[in-house]
Amino acid sequence: MSRNVLEKLMHQLCVDRTVKQRFKEDLEGLLARYALTEDERDMLRRFDVAAMQKHGVNPMLTLGFWSENAPDRHPAAYMKALRGADSGGEVFSAALKH
Amino acid sequence: MSRNVLEKLMHQLCVDRTVKQRFKEDLEGLLARYALTEDERDMLRRFDVAAMQKHGVNPMLTLGFWSENAPDRHPAAYMKALRGADSGGEVFSAALKH
Amino acid sequence: MGKIVGGFLVPHDPVMFVVPQAPAEDIRQRMWGAFEECAARLARLEASSVVIIGADHYFNFGTGCLPQYLIGTGDVDGPLDVLPGLKRQPIPASEALAGFIAEHGHANGFDWAVARAFTVDHAVAIPDRLIVDPVRRQGQSIGTIPVYLAAGVDPYIRMQRAIELGGAIRAAVEAAPADERVVVIGSGGISHWVGTAEMGRVNEDFDREIMGYACRGELSAMAALSDDYILEHGGNGAMEIRQWACAMGAMPGARGEVIDYAAVREWVTGLGFVQLFA
Amino acid sequence: MGKIVGGFLVPHDPVMFVVPQAPAEDIRQRMWGAFEECAARLARLEASSVVIIGADHYFNFGTGCLPQYLIGTGDVDGPLDVLPGLKRQPIPASEALAGFIAEHGHANGFDWAVARAFTVDHAVAIPDRLIVDPVRRQGQSIGTIPVYLAAGVDPYIRMQRAIELGGAIRAAVEAAPADERVVVIGSGGISHWVGTAEMGRVNEDFDREIMGYACRGELSAMAALSDDYILEHGGNGAMEIRQWACAMGAMPGARGEVIDYAAVREWVTGLGFVQLFA
């Protein structure tokens, strides 16, 4: 399975209010409507943006998906999720804490 | 004002469930969100597909708009609205009455 | 080094699905039978991929992005506009060749818009379901490559450019690393008026003219058809002969044969079925 | 017979709007000031239209249709991605010239995807708001023509093709019936990493290299930059130098001048402002 269907859903999760709503309220129902692998579903459930990028998903899309849908939408949280706990992204995170 | 914004809204009224819903429930609120002329708003309110086509709107779109949103969605009703009461569209209407 | 091994020019009339019983019995049987005949002939061509050339009906693409032509290089399903007897389902794709055609085009002046996950409308789904799926059920593995031309919504692709695009598809197939056997399907009604006051009109003379060009491989005659002429004699739906022109452009010099034709007012379209021989 | 009378290469950094206070005071003032300086210089060019060349950020276009390049020929507004201090509003368009550029392209092998009603994202909205709007407020009537290149989402437009597209814009402007004075604005950050683990990194060496090519009008050096090189040294965001290449391609032989530059890690981007002289 390629990254394409995953990117399709993630793009909708950036721009389509109805899909965003459904992501919050009925995640499994939403996921069932897309031809995703179990691995891909899991990336979405766990907001695993690092795994998504390893899978080939466009980084602009992982960022957009995070900013629109994650429980903690702050870019610093995104960077932490992406880089792991030993994150070295102080400069950028610091900037965005203003 | 060109046909373009009208076509934009009409396309959404063909493919976007949320917009279709809003068209039914809050027509004026929906219309207010688009840079349409009063004439164009009126074409939508009155399902005036003939006027839309005179205005340059793509006929596939007037048909799609009608089929998805008109009170009587039957193609025969569309043909009547398009041609006026003295419609000569017997063959086509007959076919679609099956 | 792939090869184009054959072609078909066929309609994709959704009204056949909406009111299958509308025309007289013999017409109905002939038209559905013509699709079956195409499937039987496709089976004999032993294709590995089919390129189905359709056109959007102001459904897939909105005012925010109207491509002149597009190719689906990733996951494919459809149709978007579900019909009675035509449910949405995954469509087996031919991703490697489709991606190569896009890339080859980008390197050679054909700037394909690309769909990486694409829900086709009935323009591609009908030929796929009626012509390709029966061959798949016989055990042949065939991937579908959806191509869309701007024939329903302006700005329309020029006839000449549609023909050149067919040539670009051919060049890409022949340059492709895999030994694919490719069949091109130009999917479009001949005369039909869609959503206009003349809807239901069919013009057999126009239809015979176009089928004649197809059978005699007259690319230049196709290119010479002006939009005004097409709109007057074939209707706004006949702008879809661009898909025929594109398929013909992929098989320059090919002769064709009419499998069947009928002017079916009940289905609002002149339904022509042509095979092109490589 | 229109004429390209000048050009600018500028960033469109949304982070400037999100955290305007993040960098040191002098940097902030210089960067906002550079936009003001561009506006002042634009005012002196007495343009009737500006072509703003941006790139989608996987926002305007989804997997169902990814155009290589697109032009807005009808109503324009934006941005789609509203920012603090950057509300969505109508953008004065230049419909006649935009339509002519599309048509001229279609007749000459540049198959523009067309947006007939288009909500641009920040890539076009920021330069329009910060550079063109101030000149409009002085009483000049300037229409914006939005152009989008595939620089954020693959398949990317090739650098060479972006340059050729600039040439096609120029040819169309010069063939246009109206005596337009046209300014091209290539809108894109230089080095920046967007959404990747390296986000926040800036590479001044890379930025100076690109600005050097721009100032010396070295189109062939731009065309020779491989995607691998750009991604390694400039980041995925630097794929947007395609927009610079396109603007440069519209002004072959033009020399440029750096208005200002700073590597602003707090705004995650190398911010370069270049004027191209016709």
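In this document, chain identifiers A, B, C and D correspond to the written order of the chains, with residue numbering beginning at 1 in each.
Here is the rule we use: a residue touches a chain if its C-beta (ideal position, glycine included) is under 8 Å from a C-beta of that chain, and two chains touch if they have at least 3 such contacts.
Bear in mind the structure is a predicted one, so any value in this text is a computation, not a measurement.
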{"item": "Pair of chains joined by more contacts [C-beta pairs], B-D or A-D", "value": "A-D"}
{"item": "Distance between chain centroids, defined by C-alpha means - chain A, chain B (Å)", "value": "38"}
{"item": "Where chain A and chain D are represented by their mean Cα positions, the distance between them in whole Å", "value": "28"}
{"item": "Mean-CA-position distance for chain D and chain B (Å)", "value": "38"}
{"item": "Residue numbers of chain A (touch at least two other chains)", "value": "4, 7-8"}
{"item": "Sequence positions of chain C contacting 2 or more other chains", "value": "63-64, 74, 116-117"}
{"item": "Graph class of chain-chain contacts, one of line, ring, star, complete, other", "value": "complete"}
{"item": "Chain D-facing residues of chain B, complex", "value": "2, 4-5, 7-8, 35"}
{"item": "Residue numbers on chain D that touch chain C, as the complex places them", "value": "60-61, 63-70, 74, 102-103, 106-107, 109-119, 155, 157-158, 161"}
{"item": "Contacting residues of chain B [partner chain A, same complex]", "value": "17-18"}
{"item": "Residues of chain C defined as touching chain A within the complex", "value": "74-75, 77, 90, 95, 116-117"}
{"item": "Interface residues, chain A side, partner chain D - complex", "value": "4, 7-8, 11-12, 14-15, 50, 53, 58-64, 78-79, 82-83, 89, 91-96, 98"}
